[in-house]
């Protein structure tokens, strides 16, 4: 499958590397208004530098990976779906639920494959954890505990366009929570603070949040997020059930421990998603290739993107109105 | 200091053992309407079997440890405060905030020492964790994560008199959260389910809850509780701050690991609070002895009992009204 | 059982504390030429200060715990065996195998109970590890790996009288190896160095040694010892068998972990045997009390002391002669 | 750099995969008398199937990776060195020290690059461990502890041609010991048993061995090897020094832990060297490419191969003669 990457920033580079590592996938084109960014992928992977229009018109491109700014996602999805390309889009489809719904409608009409990027579902450890649950090792899932902490906050300009921490960062946890609960969330409670950087608050966003999700049958998930963990990129899942529990540990650059008079020290965590989820990004692209090739539904669909965004929307409203919000209210 | 234990059930036995292990403390009397319970402490520690009235009148008793059913606590506190005994009372003082306040008023008038039993504050690991925070190792506290899971639910009769999971079980976590946050909680959000045993729901209680606490400055704590963890008594604290984080691990009966073709297995957790907090209970009584002897305020006061109960009250209301509850509303 | 402790130094204090914590055991007397040492135990436990002669003659003493310098052990064992007291003696019985044999002969003739102090056999973790082996969890024992490192070397005067590192320090590992192998050792290979302090070499001793033990059926054990581990008192056992392996972890003062930008740090190990083996020392005395009371053989006998010393003797010879030494050569 | 792989068995496949993953390296040819083995690499990587003669004569091949049976290594090294190809050869160069020396002489005369495959030196964790040592974190190295256990024994035919466990399996640990000690070994003590499979003994080999290495300055290393660990491929390094210690942990397929009523279980270890050392094999080939390209000495030389074999030779002799063997005796 011949790929074009649209948007050659940080996440575009991650996906380009993933494509290069997947058998049956080739990066043939890259598009980015920033010449240097596109050239980097050209130099590294031999991808041709093209405009969006050229990619759209090209008969050499089977699939696009959309890594452009969020506010362009929905338009690009529709455009390339209509152009008959398979589409992989980074989350979120859009910050507006209405816009997402309209976009998914277009996709459905074209019959193209749309996969939304929730790479954590492809992490080998998280898959192993989920396999234990599916094998019945912990009985019925009751309580899910998700810990996600970024090593440091993104630039202010990023925050301004991000739609806020719930739609930008927590959205990954919302998706993982849905995956782990295997049941749709009914109610959302959220609390939010500015503890890391007061400027983030001035921009109307938060940097430290906690969320409780509850399903109709009473299963619950909690999510704790902060924009700064000096000890690295903290990514943990813990699921408690009627017969046990299963947890996934953090990753470090090296599995060593140094003992001195001060104690026993293991290295800090991997620094961020590019290193932590390298295998997951590759597996994600491989899953996309398989879905397109086999004509099956991708493992993470536009509907998954919509539902995660709905939970984010509910969390925003929960904070604003200091109350439990029904997901049905925002859908 | 000569002690009488009032109520020789499970927790009364724990405190009797703690008294026996503390230098300067002696168990001289025990009172319990169930003869066999009192006799057990008599046989084990040589404590005289006495009625409540006899203990009250006795010149041989300096302090009482109240381990009777919750609905008798406030009356007994007042009675022994007036009798000039130092009083250690198991949590909670009462299930009603008004009753607690009235009781504390009486205690204040008598000038006696009242300490409320929150043994986790005396656990050596938790103290070491707190010491790291106080030493500035993790900078400013931002997010506290508390996990408390009982190995199995208590008898139905206990549940019926317990005041519900928030007042009975979560109350310990409310106290730990206050201790770790070093700032009073302003807002409480809670979710509750019946997942372990539907009969618990029929009794009007829950068995699986999550709570988010938020202080005025935006610090947050989450608490996750369940009444059944088949892998043992799960007791963890994790505190995240501006410069790092600190966590306390669970305890096991043995620090061994067995490797077989199926994997590497460590033993389940200690089975319950009697074994997990043995050292904490002894340190708690020792702290009580020191406070009474030195005439200083005990480390956990009636006010601490009141505040933890207020958080429980707010949590109950948060679930009932599906909203964030200000602690000021219930106080 | 009424105890006298002979020798109130470091290890004598440990045993006094153990006696105090064991039901059915009372410390009634202490003997030490250093007045301050004896007084410390008098003050702490109410033990009467007595001479060795007085203890020997006393009708109030049922058992003695010998914690005097090594070169007095055998004489005191014989004397108190003849006086009809049960005898608990710290390892080693003597530095000379011939002297040990003669002493054990006397003990046998008196019919008294002699237990030799190998406290590691009573450590709860090591017992749990051994129980896994005995339950067949790891199949047939094949390879034992023992790691013992002291936090720092003892005083030079101690070293001069100690009989050397193999007889003083490794002797504990020799005993543990015999316990874990459940088969007598046939051959000993040892290597020794002076790496910690050249003065130790000048005294004719070593501070860093490795030993391989081999039984007739081919089972093997390795022992690694050093006199200085800045990270604390390192005490590990690992046993590998046909169906798996089992390992015991080190102990720390607190089960906490601090995460900072420098990594994840757990506290150093407990500082030495007094804190690491507190529970073991108490269990050891309790086992002694049981053996004497029930008239059964103690779990660690004079014969165990003899065999561990024989392994030490063989190790000394292996280093001196740069060859594998048969245990039969030294016995 | 254009590579040919000679010998397309298990380790040949590993190296082919490594070559494919290294930038600047291409697999152009493969040679194996077993057609199916060669075809597998042809199909997977597009390598042309060639005879040894054809590879030798080809102008399209810059370097060969020798993965043929051990008894062909030295001849092939000489042949390809003379043909002007850079040579990477799996350990050992030969089972005879004399033959190795002669071969290295030929290599030296041709001036070609010869690198001997000790992949553990390229494992990211072991490199991180070594970096801590080199940075002075643990002070002077004193004691090295190496644990290497295969998941199961190789086929009998393999054992018959292997030169015995010390030359085949322990040789990797001998190399790691030399790397960690940073000083040549002077004395070797070894013990060996047949515990896993008596047929291995009938073939004149052992399956369970322990070795002590000692340098002139007194530094020591221990190696424990067994041919069967049902819990997976056990690969650990621990280095103790004057200021601390550093250890590398084992690898598992997933970093998860399942808690049930039976305890907390992590998965078994990775199954063998192909999965455990994937990254190491790739880094090893990358280092070879760099050395050839830059004209520098490779990180693991023929001399390293010779010295590791000398330690194996000394260990064999130590077992046979039941004594400490000086390395100088065998060199």
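For clarity, chains are labelled A, B, C and D in written order, and residue numbers in each chain start from 1.
By definition in this document, a residue touches a chain if its C-beta (ideal position, glycine included) is under 8 Å from a C-beta of that chain, and two chains touch if they have at least 3 such contacts.
Bear in mind the structure is a predicted one, so any value in this text is a computation, not a measurement.
Chain centre most remote from that of chain A: C (centre = mean of CA atoms).
A count of C-beta contacts for the chain pairs C-D and B-D puts C-D on top.
Taking each chain's centre as the mean of its C-alpha atoms, chain C lies 41 Å from chain D. Between the Cα centres of chain B and chain D there is a gap of 57 Å. Among the residues of chain A, those in touch with two or more other chains are 229-231, 243-245, 259-261, 267. Interface of chain B with chain C (complex): residues 124-125, 128-129, 132, 137-138, 243-251, 253-261, 267.
On the chain D side of its complex with chain C, the touching residues are 140, 142-143, 145, 147, 149, 187, 189-191, 193-196, 208, 210, 212, 214, 218-220, 222, 224, 226, 228-231, 240, 242-245, 322-324.
The touching residues of chain D, when paired with chain B in their complex, are 229-231, 259-268.
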